[in-house]
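Down below are the structures I want you to see.
Each of the next two complexes has chain A plus one more chain, namely chain B in the first and chain C in the second.
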Partner chain A sequence: MSLNEVTLRERVRAALAPRLAEMGLTQADVGDGMSLTQSGVLDSFALMELIGGLEQALGVELDFEAIEPERITTVKGLASAFAQALAA
Partner chain B sequence: MTEVRALDRDAAPEDLRAVEALFTAMYGHMDGLGLMVPLAPDGAGLWLKALLPMLGKLHTIQVAWATPQPADGPDARPRPVGFAAGSIRVGPAHLGGIRSGAVTHLYVDPAARGAGLGHRLYEALAAWFAERDLRHQELEVLVNNEAARRFWTSLGFVPDHLVMRRMPG
Partner chain C sequence: MSAPTTVVGPLWSYFERSWRRAPGAVALHVDGRAWTYDELALRALAVSRAVRDKGVQGPFVGLYAQRSLGAYAGVLGILHAGKAYVPLNPQLPVERLATIAGLADLDLIVADPARAPGAHELAARCPAGCTVALADAGTGTSTGPVAGDVAYMLFTSGSTGVPKGVPIRQANVVAYVEHLLERFAPGPDDRFSQTFELTFDLSVHDLFLCWAAGAALYVLPQDQLMAPARFIREHGITQWFSVPSAAVLMDRMRLLKPGAFPGLRVSAFCGEPLPADLAVKWAAATPNGRVENLYGPTEATIAITGHVLNAAAPKQRLGILSIGRPFPTARIRVVGAEGRDADEGELWLGGPQLAAGYWKDDARTEAAFVTHDGARYYRTGDLVQRDADGDLFFISRLDDQVKVRGHRIELQEVNQVLKAVSGAAFAYALAHPVRDGIAQGIEAFLPAAMQAQGGTILEACAARLPDYMVPARLHFTDDIPYTTSGKADLRALRARLEHPASPADR
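After this line comes the complex of A and B, so read on.
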């Protein structure tokens, strides 16, 4: 795993922080590999809001046609997808 | 005697299986009332697996446990005869980001009905919501489930959205 991906996980977690606070959760409640949608942390709309905010902050867009939808429902998967998009 | 208490994340496998059986029975009941999207073959297991990591945090499953009778034998354990599941939901920012308590499921075994277990299960859910300051509550009910609609109306719920589907084929 590149350092960039570690940084990106932190960026994803920072973007997720307000949502976790609203739900009374802490970062420790959410594992890097836990599905944010299956667990109920995010619904599909909130996931898109999160991704949109990250795209804007990082200045890059994800190619949804090339990404398995399930892959971008975890902190780890989102960081990896953004790392790939930034490297492209 | 029936006790209502929350299902723990580290519940015994047989208790998890009993709740899954109630979940499947609930879908069987709804199938008979015209449910259009059926439960997947391992739907109950998938549902519980999805909830367990956040059980007690984002979700709760309140279970009605029937106390064993002498005829059940000396090793008999309390048996789940109904359950109610609820989740914390946060609406999108453009709708005010309302935090709500969603009643996602409530079901009582037909043999255990008529003793007010549905009300007790809902009260347990409502208490869990109140502890988290979730004053807005919401739920979905099958259009054809007249008994459920009367039940929820009696508890102060009013109709809002109607979900409509256009099925393939």
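After this line comes the complex of A and C, so read on.
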């Protein structure tokens, strides 16, 4: 069974929720294609924590060798990277 | 030895010699395009012309650009015109940049053409009327270079809430570059990484060590700084230089596999403590290279001590790699109790890399720059230990200064801004969390009554402070532990962050 990308975007957003609440932002403030690091929502360490949490929850590891670095900084890119990892 | 004659600015000369030798060689690779020494020189000369046409009065010219062609042409052009550059990072709040422009008495800002609107907005806010010159493709001129004494001025966090300017002379940089040319032995075939912002003096290593060697500078795009593995391989980088945090992230991404980067010849780290186990992993990933841990404050120009990793037996203290020994021309003291030389104490630095002092700030210069036995030293405020071999180990700061991902931060400055924007009676900022000896960010305690304004306070901080100084979290409580001397007990506050017990601590 593989989760589809739409579901995965929701998983990424759920993982982001506590951080958004801290910053006084809503889900609507964060577009699917917006860079989470360049917009200041997360720093690179916090992003790695988020990814690590998702890897554990989904029981899969991303292949950072193969992923374009810019892809892991957006909700959309992360969801597709996880979809790819789950399908592999 | 005869007195050194000031030829043209030596930093420009480093570049010019390589340019004359191989004008068609690649000098710079940025935003997906390579620029030869010839092409970069022409752009630099156009900037130099623009700077001279403006008839700049003071020693400094602002540079509003960020790791782009305009930034590098700007550095070279300003130096060619006999002026020193003051980097103005467009990512910083305009209010802070205007403060810096005022402190440096800037009357001209060279800007990246793509950043023109931001540069004009900044110029309009400069106290003394400032104009903008764009670092674009104009025609180069053959007017000869002018000698300048100062190379650049950087601003570091100041405890009173006002940043401190550190002017660095060309001679300071030459002392550094000459040693590194021997130490890292770079040549025209080398490809240097460029990861540091110009506001960070470690960028000067990237630019001028590279160009002095006739090598090519490879600028990492912003979105690849976090995971540079592919960039290193695709572009055949041979000389890597970054903060250890970059290696920490690559390790978390499982990118530091043995043998992963066979092309790297030298990997240097600086700016924050380097965990020994991380250095060993990096060494395994770069089997044909060596790993260097460099150390130095802005006031002593880029770096002034260094240690070559022995991966089989890393020299460490509490898991942190040694910062090694002073460079050959440097003079150091380890000053213990009652000002006596000791094996543990404050590190004092002297020699040709030493800055003259802070810009227009005699009080702070006198406090930090001292004379001992006829020699001048900078008191780093760093507590170090020296072992029997003469190798140094960084232990901690002696004051409220912390480093977050390599950036120097005076916690007092954060506290001052927090109080100013909120009207709070107290504010206590701490570096937290700290992982592998590296601080990840700032968190702060404010009075419970401020809770409702949390978001507004952070926004106001973000308008005044660089992002690495803005607290990642605020904690609201009136229950502040005090030490017997009546100061806030920062250790107890830190313990609360590490072991949150009550909801207020979360």
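Basically, the second predicted complex is superposed on the first by the 85 of 88 C-alpha atoms of A that agree within 3 Å, B and C clash if a C-alpha of one lies under 4 Å from a C-alpha of the other, contacts with A are read in each partner's own complex, and residues count from 1 in each chain.
Convention: a residue touches a chain if its C-beta (ideal position, glycine included) is under 8 Å from a C-beta of that chain, and two chains touch if they have at least 3 such contacts.
In this text, all values refer to a predicted model and were calculated from it rather than measured experimentally.
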Which of chain B and chain C A:E61 touches, first, second, both or neither: second
Touching partner for A:E22 - first (chain B), second (chain C), both, neither: both
First (chain B), second (chain C), both or neither touched by A:I72: second
Touched partner set for A:S44, first chain B, second chain C, both or neither: second
More chain A residues in contact [chain B versus chain C]: C
Touching partner for A:Q84 - first (chain B), second (chain C), both, neither: neither
Common ground on chain A, meaning residues reached by chain C in one complex and by chain B in the other: 22-24, 35, 38, 40, 43, 45-46
Contacting residues of chain A [partner chain C, same complex]: 22-24, 35, 37-38, 40, 43-48, 52, 61-62, 64-65, 67-70, 72-73
Complex contacts: residues of chain C adjacent to chain A: 222-230, 245, 248-249, 252-255, 405, 435, 440-441, 454-455, 458, 462, 467, 472-473
In the complex, chain A residues that touch chain B: 19, 22-25, 29, 31, 34-35, 38-41, 43, 45-46, 49
Chain A-touching residues of chain B, taken from the complex the two chains share: 50-51, 53-54, 57-59, 87-90, 92-93, 97, 99, 132
